[in-house]
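In what follows, chain A forms one complex with chain B and a second complex with chain C.
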Partner chain A sequence: MKDGPMKKQSWPKKNVDVCIRCATCMAVCPVSRVTSKFPGPKQAGPGAERFRRMGEPSVDDWIDLCIGCHLCDMVCSSGVNISELNLLAKAKYLDEKGRPFRDWLLTHSYLYGWVGSFLSPFVNFLFRNSMIRWVGEAILKIDRRRKLPDYEPSTFRQWFKKHRSQVHQIKEGDHPPFKKKGKEGFEHHFMERKKVGYFYGCYMNTNEVDVGRATVQVLEVNGFEVILPLQKCCGIPMLGNGNFKGARKMACYNVPSLLKTIVSGSDIIFSSTSCGHMIKHEYSHLLSIPRADEVALHLFDIFEFLRNLKELNGLDTHFKELPLKAAYFAPCHLRALGIGLPALEILRLIPGLTLDNIEADCCGMGGTFGFKKEKYEISEEIGRDLAEVIDRLKPEIILSDCEGCRMQIRHLTGLKVSHPIQILRDALLPETKFTL
Partner chain B sequence: MNPCILEPLKERMHFDLIVIGMGLSGLMAAKTATEIGQKTLIIGKGMGSLCLFSNTIDVLGQLPNGIKMKDGLSHWIKDYPGHPYAKVGVEKIENALSSFLSLFPPPYPFQTIDHRNCLLPTGAGTFRPTYLIPITMVGGSLIKEGQTLFVGFKGFKDFYAQYVADQLKCRGVTLPLPNTSYEMTAIALSRLMEIKSFRENIGQEIKKHLRHETQVGFPAFLGLNHPIQVKENLEEMMGAQVFEIPILPPSIPGKRIFNRFKEWLIQKGVTFSLGSSVSKVITKGKRCEGIEVFHPPVTTSFFADRFILATGRFIGGGLRADREKVFEPICHLPVHQPRSREDWFEKNFFAGHSQPIHQAGILTDLSLRPVNERGDQILENVWISGTILANHHCIDEKSREGIEIATGYMAAKQASGIST
Partner chain C sequence: MKMITEVLIIGGGATGVGIARDLSWRGIPSILIEKGDFASGASGRNHGLLHSGGRYAVTDPGAARECMAENRILRKIAPHCIEETDGLFVSLPEDGFDYRERFLRACDEVGIQTALLSRDETLELEPELDPNLLSAVKVPDGSIDPFVLILENARDAEEHGAKILLHTEMTSLILDGDKIKEVGAKDLGGGEEYTIKASYIVNATGAWANQFLKLAGLQIGMALSKGSMLITNQRLTHHVINRCRPPSDGDIVVPNHTVSILGTTSVRLEEVENFEVTPHEVSLLIQETSKLVPAIQEARLIRAYAGIRPLFQSETKEDDRAISRGFVLIDHGERDGIKNLITITGGKLVTYRLMAEKTSDLLCKKMGMHTPCSTHLKALPKANRPTGLTEKLKQFSFERVETLCDCELTSRKEVEEFLKTDKLKDLQDILHRTRLAKGSCQGGFCVYRLLGVLHDLRRINGNSNEFLKKFLEERWKGIRPILWGPAVKEEELMEGIYKGIFNL
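The block that comes next holds the complex of A and B.
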């Protein structure tokens, strides 16, 4: 491969000795900013690493407080992969200490999500019941102040199946599914369209179906046919909880399946930046999954993909006016992708939409971090800084690419929070009417 | 593997200008280019040294006391024609500083004390000359014996009030922090200072310790976002003037500068990529065509018409050294440096003058384009800015931020085709 990845051995897993102790990472760590229980990335990463020995027990019981945001990696001029050091140490610590059933429950939602969806009215009722939440906190140590996300009555996969058959029916009647306005270059007929694979992620599938719906609709308007490669949870909840074995299992399922789609000529897009970051950057190096680097080359964030289309003048920009005051928050894992803020760039093309960028470091949710009783207060405290910025901006709606961030912002502000793709869809499709 | 549609498409990510480096110089270059209307990408491996050294804006701290900066710079340029300032010229240095100042309107403006260097106290209890200072530090330039109370906190290791106070013949007090069992960091304290109840406790506690002092000096952590609100609120509570003292890294005032640039650039639509390491530049003859960014395991290319290299010195990663020589790792530009390793340092480390290694850097022509020792141009569409430039001793001259701002500004003007 000519422009392929750099040789792996040139990128060490542990490069503590290049740390010059400059403390720039201390200026951005969201956790050490709000609690003195965590000593911060400089100490927790390269500092403590020098005292860690294989075969000797862990001494750093605070390592579990690293939220895994990667902000320290991003600001380090010496290129120390601090959060990776933390993750390895966390895994070792939790291997020794043992993981509560709660952690298993929080990281295996892909196993029971369909039940939640099937019994959604009942499950949602239970989740809202304060008695149940009290019991959940007492037994499972899931903080009762944290609202558990509602399940949707039908999954994204179910919607997609129905949607596909509808689209095919239209095709048979010789009507293109969406009329392409302007520019030539894209096929009108569905079957001849360029295919693009979609890694949708388990949370969206059962809890935020409209995000997937919007992603599919936007891609179809732009002349693509969306296909769904076989997929399981990307494994980031497990990895975040130091469960390398479980995460590797997920990755070993996903990589061959995504590769199959790629080899057949399609790229893969994702709408959840955490899933995307996991597959693109953690599978290959941290988990050493064979051929994960090939998947990474063909994996794109949905807005990165649309921005690429725009560069090629292939993006449908016939947006209708959307008079709305929105604020955008870039998730940590999006920033860690190193692609800039493509959602912001694309959404700025929508007439009438006022869009502020929320200048804050981290939302504090950290995936499953914010659910845990012993971490809830840290999570909320981190989020408070973000909520304060939102309070000053006074937006009607908040946009963020990550489900964890959306969950946390909803929890802290009570405002409507969407994925930016939903707004783009609203501006693009004539039939949807935006309602707050 | 079959070709995928976005492979060729991805290659087309094209900009007018790519700025490599996210320190003060790179940020300044990106701002200047954006104002001219250039489609800009700024890419940085890390935050540079803004959050390390920079609290105030040094321009030329080495000048003798009392000299107006403009006059001092004019003389300096005459005496050191190879210095980066000589390439920019006094007028453009002024323009660059004005441009920087325009980014910081009230309530957090920077100012000079009568267009001369002023002396500010440091965390070591010494005085240090500097030029543009944030309004939160102005009080420090007015210290009088016995008139200032210095405040430190138990568990905060980066500032010892008593030590500073002894040096400056004033009093110091170290306060216990409520509800903290471990040590505290500057960033955590700066956040706490922005919480009203915490601040009020601190203010009331200090008031008890005040005798006849008219000023209270704090380590520079009076809030990351609203330092003025913190300062004014404390002043009101204590009835004394409050000021900040620059301390050890990380620098909260430096982070305020970084955050403001970041906010402005993103708002103006600049593509802002922090944490991305440029692994290679793509050149064709004397032209640079693009950069490759290696984010394991993916290598992404970005293309542009023009480039600014503002990667800093050893700490920023712009210069690196092996056992024999200093080299520039991205563009592989020749580095002007002492002949051999033995000449890097003076025999006596405390000789009282600058170490020769600090003068190492990239040589440029008058327009800041890189040249070799003979003066031949190496790349025609690359400009160099910031401390990576050769022929300055920013540490001894106390000129770091001035060089960064002035050359960042000038490089962007040159690269955008608007010079003189």
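The block that comes next holds the complex of A and C.
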């Protein structure tokens, strides 16, 4: 696949014409709700599009404030791809204006993440140091009020390698790698183990390894063997920063690799809804990556996958009692996938678990958006609604499928925030004891 | 009220205000009366094309020459009304090269600068054009905002002493031997009646010329030709696109602000009022213009409208396009023995200034004066509003002013300026002076916001529902011919708003 400049033919079709100006999108936009600097989706998208001229420099500097939540796309009664229009305009604007080094840093963590992980005690110390954060704000314009995520001492990949060799040892020794509680014998089940690919995402790999651990464990309990197709960053941080070229590069690496797994007969699951949305929707629609639509057909959110399993009566539902008051927040990119709230459906099967759904629009993190100095306050203000709901519900733990949302909720509430798969694992595996 | 002036001009189109301006610079007092608002006739109902003359080079070299000369002058005196887009005369495979060769020769003869572009060069400039095109000829066409042009002319004329009475209809004409003694007029808003005594009377009523002359018992040979146009929701090309073939239906696409205007048709009419765009015209225009720009097939239309070309004719001809688009200046003293009456009609928007110049020259001759014309040298007072799309978006971005019209980014400030200074009688008057309500929703959202502004400024007298109704009826007239696809959905929403919320 060639990665050249984008040709006119490969641009997504702009359907500005079907906008009937109804302004429903204005009612859901989290950014225009908190700042008058952003004119809202109707104006920034189909409205401004009528004024933009190819070949002339961009003048709409507020386009950079679109957080990319897709909420406007979802409510549009006419199917205008508003956030895509914004993204294209943003890309043009930033191509002309130039991107600060900060943006490169925020969007290329896949390159240096392993270093962070290798030197985690040192890096984490630096990240917490207020002096360093002050310098980071002054030089890089990364807001010092935003806590940078800790790196884990070993990556998910490292854990997985070790884990797999353990599993294989057990297999050779003819011992079950985990206890199966079903009526059928373990041996029989073991023989039929189906493989499933896992797109784990770079953030989880270096910063929240337990999410990956839990995903693998839950799938294994349900009789799957997890494999890791070769993969790079999905490219969403770059795309969100208007870097189509960088995002295409990532996509052009990932698509053939994921296809290889799919062709060999395995579906692929993801635990980060942002990575998932990127691969499932933006690869084919916005980036016109060949055969990305085939990947999309076989790519599932982990809970969507488990829900499908449940419908086929294949889901292990022997949960232990989990007396816990939790609240669930559905990330925007999950909502944009249009698959409902599968995590909520599955987790509600756990006895003892009280699970509230948090009704709020967007957490305000927007991936790299919330780190930026000039956008930090907007980001925090957007999240205020969410924080208020949480305050009212008073949960012991908050669950969300997106690392950005988890970061923001931790930042705003100081409460424990997990991926729902971690709770499911805790309820499923006898040896793990849930501790707050 | 009695008024006495030197010249009474009837008609507030481009020609009428052009004459008022020309006379005012020569120091000759004048009064202009117009029964509606400025640009209510053909001056405001055309495709806003700044002709290079290319369209007439082959068929009417005289008119082409006039267009080219005026084109150059207007670029100098009214740069803020003009977008220098240039025009392309595109040859499609079915057109062949015959006409193109004649066209190039004719342009050369009348002095229109041309450049022949290859297929690839053309597509580079305008990627939306049909990729099968053969070639294109570039000419100095442009797009012009007739409303701004006319308002600026009027403002300049008033500043130099002319008096302009809008919404004032002529009611009577009293002849005294070989002269028109006085003219009776009535203010349609306030109801005031005027008696105007003038040494000379200029009939600049365009398509209404014969209606006026009838009062004096006169008539001239004139054909009324309806030209219909469609407006797309987005600007499809950035050059004026002409078809390089003999003038015909649907052979032009003009970029104008945020939209493109597809034109035109030519249908003979018998009367000046009550005409509409027919479904046949709509499909014809789409069918023909989409041969040039295929995207038109799927493009959303937001409005259809028609104007009447007043074409002067000495004898009846079959095709109106064969009648000269040049103008005629009739001295009724010589023709009919009414010494102080002049009729000026025909012509193009682009030649309005020349028409005004010739009319004023004739008036001067009759008065025995020798003051020369200066309108080709004096630039119009510059409007301070941004003209280009990018400038407009930029202003919106930086100032974040309160906008009334989201589609066209018309600010409240801009509208209020007109409301405070001008005597406006009608909602349509505001629409003539700003881009308000000219976008995707055609005023669906901004007009009720405007009502609030009018209320704040105490500018609504009487029933505001009537005000709205009148506007909606006018809006509906333009939308009905193009009512399919997104337009239907838009209308459902508007019906919900105006019937549901405003209880109309």
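To be clear about the criterion, the second predicted complex is superposed on the first by the 414 of 436 C-alpha atoms of A that agree within 3 Å, B and C clash if a C-alpha of one lies under 4 Å from a C-alpha of the other, contacts with A are read in each partner's own complex, and residues count from 1 in each chain.
Following the convention adopted for this analysis, a residue touches a chain if its C-beta (ideal position, glycine included) is under 8 Å from a C-beta of that chain, and two chains touch if they have at least 3 such contacts.
Quick caveat, the model's predicted, so the values are computed rather than measured.
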Key: Which superposed partner A:Cys22 touches (first chain B, second chain C, both, neither)   = both
Ask   = Counting only touches as set out at the top, which of chain B and chain C does A:His285 meet: first, second, both, neither?
value = first
Request  = Give one of first, second, both or neither to describe whether A:Phe300 is in contact with chain B, with chain C, with both, or with none.
outcome  = first
Message = Once chain A of both complexes is superposed, is A:Ile397 in touch with chain B (first), chain C (second), both, or neither?
response = neither
Task = Answer with first, second, both or neither: which of chain B and chain C does A:Phe51 touch in the superposed model?
result = second
Request  = For A:Lys37, decide between first (touching chain B), second (touching chain C), both and neither.
outcome  = both
Request  = Please determine whether it is chain B or chain C that touches the greater number of chain A residues.
outcome  = B
Query = What is the contact status of A:Asp60 with respect to chain B (first) and chain C (second): first, second, both, or neither?
reply = second
Task = Look at A:Cys234 in the shared chain and tell me whether it touches chain B only, chain C only, both, or neither; answer first, second, both or neither.
result = neither
Request  = Give one of first, second, both or neither to describe whether A:Leu386 is in contact with chain B, with chain C, with both, or with none.
outcome  = neither
Request  = Across the two complexes, find the residues of chain A that touch chain B and also touch chain C.
outcome  = 8, 20, 22-23, 36-37, 39, 77-78
In the complex, chain A residues that touch chain B = 3-6, 8, 11, 20, 22-24, 26-29, 32-34, 36-37, 39-40, 70, 73-79, 194, 262-267, 280-281, 284-285, 292-294, 296-298, 300, 305, 308-309, 311-312, 335-341, 344-345, 348, 357, 359, 385
Complex contacts: residues of chain A adjacent to chain C = 8, 16-23, 36-37, 39, 42-43, 46-53, 56-57, 59-62, 77-78
Ask   = What part of chain C is in contact with chain A in the complex they form?
value = 127, 233-235, 238, 258, 298-300, 389-390, 392-394, 396-397, 400, 406-407, 409, 439-441, 444-445, 485-486, 489-490, 493
Remark   = Counting only contacts in the complex, chain B reaches chain A at residues 1-6, 9-10, 12-14, 41, 45-49, 51-52, 155, 180-188, 191, 248-252, 255, 259, 262-263, 266-267, 269, 271-277, 279, 293-301, 312, 315-317
